[in-house]
Amino acid sequence: MNVIALVGSLRKESYNMQLAKTIQERYRDRFTLEIADLGSLPHYDQDAELEPGEEVLKFKRSVKEADAVLIVTPEYNWSVPGVLKNAIDWLSRVDKVMIGKPVMVAGVSAGLMGTIRAQLHLRDILASAGVQAKLLPPGAGNEILINQAANKFADGRLTDEATLQFLDQVIERFVAFVRANA
Amino acid sequence: MNVIALVGSLRKESYNMQLAKTIQERYRDRFTLEIADLGSLPHYDQDAELEPGEEVLKFKRSVKEADAVLIVTPEYNWSVPGVLKNAIDWLSRVDKVMIGKPVMVAGVSAGLMGTIRAQLHLRDILASAGVQAKLLPPGAGNEILINQAANKFADGRLTDEATLQFLDQVIERFVAFVRANA
Amino acid sequence: MNVIALVGSLRKESYNMQLAKTIQERYRDRFTLEIADLGSLPHYDQDAELEPGEEVLKFKRSVKEADAVLIVTPEYNWSVPGVLKNAIDWLSRVDKVMIGKPVMVAGVSAGLMGTIRAQLHLRDILASAGVQAKLLPPGAGNEILINQAANKFADGRLTDEATLQFLDQVIERFVAFVRANA
Amino acid sequence: MNVIALVGSLRKESYNMQLAKTIQERYRDRFTLEIADLGSLPHYDQDAELEPGEEVLKFKRSVKEADAVLIVTPEYNWSVPGVLKNAIDWLSRVDKVMIGKPVMVAGVSAGLMGTIRAQLHLRDILASAGVQAKLLPPGAGNEILINQAANKFADGRLTDEATLQFLDQVIERFVAFVRANA
């Protein structure tokens, strides 16, 4: 199984990037996780969408070929970061590669709220006509909202044992969900 | 009065850009409207926020010095375009130049819904702690949702007479709102 | 196939009730549509949830036994009517009868927007942990947003031919969706 | 100063009701707080809105005469309880008594999230054309989201000292906000 990760933060020491890398390593026997370089994409421009350049085409091919998409994102201003929305905007046009794609969402915050508002906006975005992703259902503890990150990460990886055990369960359900939707 | 416009579409013939230009010309005796170049901004990166480069600094100075902000934006995937969210992300950090700034929102769509879902997301974003804009209240016909654009624009400008008259009234209220919040 | 309809308006001549009755009659060979009496339910009260009385118990049994739920609702104040939310609150507690239930949403408005903001809120509500409904995916024209009702209804039923043909297609997909999730 | 409280839970031992009573007592030298009986209101019905009966008329008069409204509500299914939405639906029709009314929102949850999703929906509802409340701006710590209630309440009142001190500050700003909007 091949999964591609869209990480909403460009910061080098980003907790969200650390979570993506933790998932990449911890579940390497379950799936290969490629982490997309969202910072290299130009701003979406409808005038360029038919010939968007190699960076965009490469990104869209990676998503198209992936069995599933993992979105790991901080919350900026009660919503998703512009750089993540921009990536989704490219994916939603011309060759609409997100349609029917299984998606799991995770987020890490320094504060208490664990990116909950960003995830509400993201749910709307992922349901829109140009995206139509198949989102892992939110009930049954499938929402990955990791708060108070400073207490849960160390040496560049998620290390909090309780959170890792919760993550194990959600990843298990996600892998089954991807298989069921293949 | 100086107003700065953030336009969510980079397309050259964008209806939203046409609306911004219509406002720029039609109300030039009421205020000067500068149209910001959102496409020239890099993706927001927290590692760069203290020294974000001249493009970002110039943009933030323009917003800081403006008496008000006009956001004119299409809806992409039930939300605001990434390029607009990215611009707001820059404005919301370090020197938080949107706090207390009077803002008016307008949107144009080809279809029926007139960007209504994007404007709901934008309301959340503009209320967040790093932005805290003073939004022209939505009641009393202050929502500018222009639908079926193909029937209402010609030669690069909004030309529909009923829509222009509605716009005249909202702009009048917006100018009074900016003065009251100066 | 048995479907139960939750109608968000109590008004006798409600366009939304007229739509429910149109669906009841027009597709009677596809499914039986029972229209629940939401106005007879008391306000949800956690103190009463273990012994909520016969009206609530009867309503919950009807939903539990139904193969699917059809929600037909106006928009009140950019959200769903209190009476509809109250019904869903009862359904979401103790015996959580909505979990996994196939749901289709429709709305009628007098104005242009076709209840679009209410449907966004409803999507959040239906995804919550106590509800977890299986919503007919919104893409591919599955959103039933009927605007300018005065032009499309007559003699107590939806009569606009184009809208009826669109409805035929969505109902077809809904019936297949219910079967696939049985 | 007279303030009326709308409490979204009917449960007798409701933490949200306990918070309303704490505010009623603790700030009795700043304002009189009347707690409305939302459970006594019938379901909103447009057919009855011109002659809604004495319970509704009395409730609407209380809100009309109040200097401000305090909404204290739990989150049910990622939104506001039906009983609270129903009360707002009555307030938004015929004599639209919420227009221009200063409003403060607070919420208590047993879990971590402190009703944050309900408050997002409530922001939309309060901005709608029939309501148009003047909401205390959310920035600067004005959001009252009290989580993990079991640790913060005792003997029917909020007792957590840090939370009470935070509340003191928000109430101070709210009183100033009501005066400025009188």
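Per-chain residue numbering starts at 1, and chain names A, B, C and D are given in the order in which the chains are listed.
To be clear about the criterion, a contact is a pair of C-beta atoms (placed from the backbone, for glycine too) under 8 Å apart; a residue touches a chain by one contact, two chains touch by 3 or more.
Owing to the predicted nature of the structure, the values given are computational and were not obtained by experimental measurement.
K.L.:
Tell me which chain's centre, taken as the mean of its C-alpha atoms, is farthest from chain C.
P.N.:
Centre of mass proxy via C-alpha means gives B as farthest from chain C.
K.L.:
Just curious, how far off is chain D from chain A if you go by their C-alpha centres, in Å?
P.N.:
Chain centres of chain A and chain D, defined by C-alpha means, are spaced 36 Å apart.
K.L.:
So what's the Cα centroid distance for chain B and chain D, whole Å?
P.N.:
That gives a centre separation of 32 Å.
K.L.:
With chain centres taken as the means of their Cα atoms, state the distance from chain A to chain B in Å.
P.N.:
Taking the mean C-alpha position of each chain, the two centres sit 28 Å apart.
K.L.:
Two or more other chains in contact with one residue: find those residues in chain B.
P.N.:
Counting only residues that touch two or more other chains, chain B contributes 78, 117, 120, 124, 127-128.
K.L.:
Mapping chain-to-chain touches, which pattern fits: line, ring, star, complete or other?
P.N.:
Shape = complete; every chain linked to every other.
K.L.:
Tell me, which parts of chain B touch chain C in their complex?
P.N.:
By the definition above, chain B touches chain C via 78, 112-114, 116-117, 120, 147.
K.L.:
For a test of understanding, state which residues of chain C touch chain A in their complex under the given definition.
P.N.:
Residues of chain C touching chain A: 99, 120, 123-124, 127-129, 132, 137-140.
K.L.:
Mind pulling up the chain D residues that touch chain C in the complex?
P.N.:
Those residues of chain D that touch chain C are 9-12, 14, 38-39, 43-47, 76-89, 92, 117, 121, 124-125, 127-128, 130-131.
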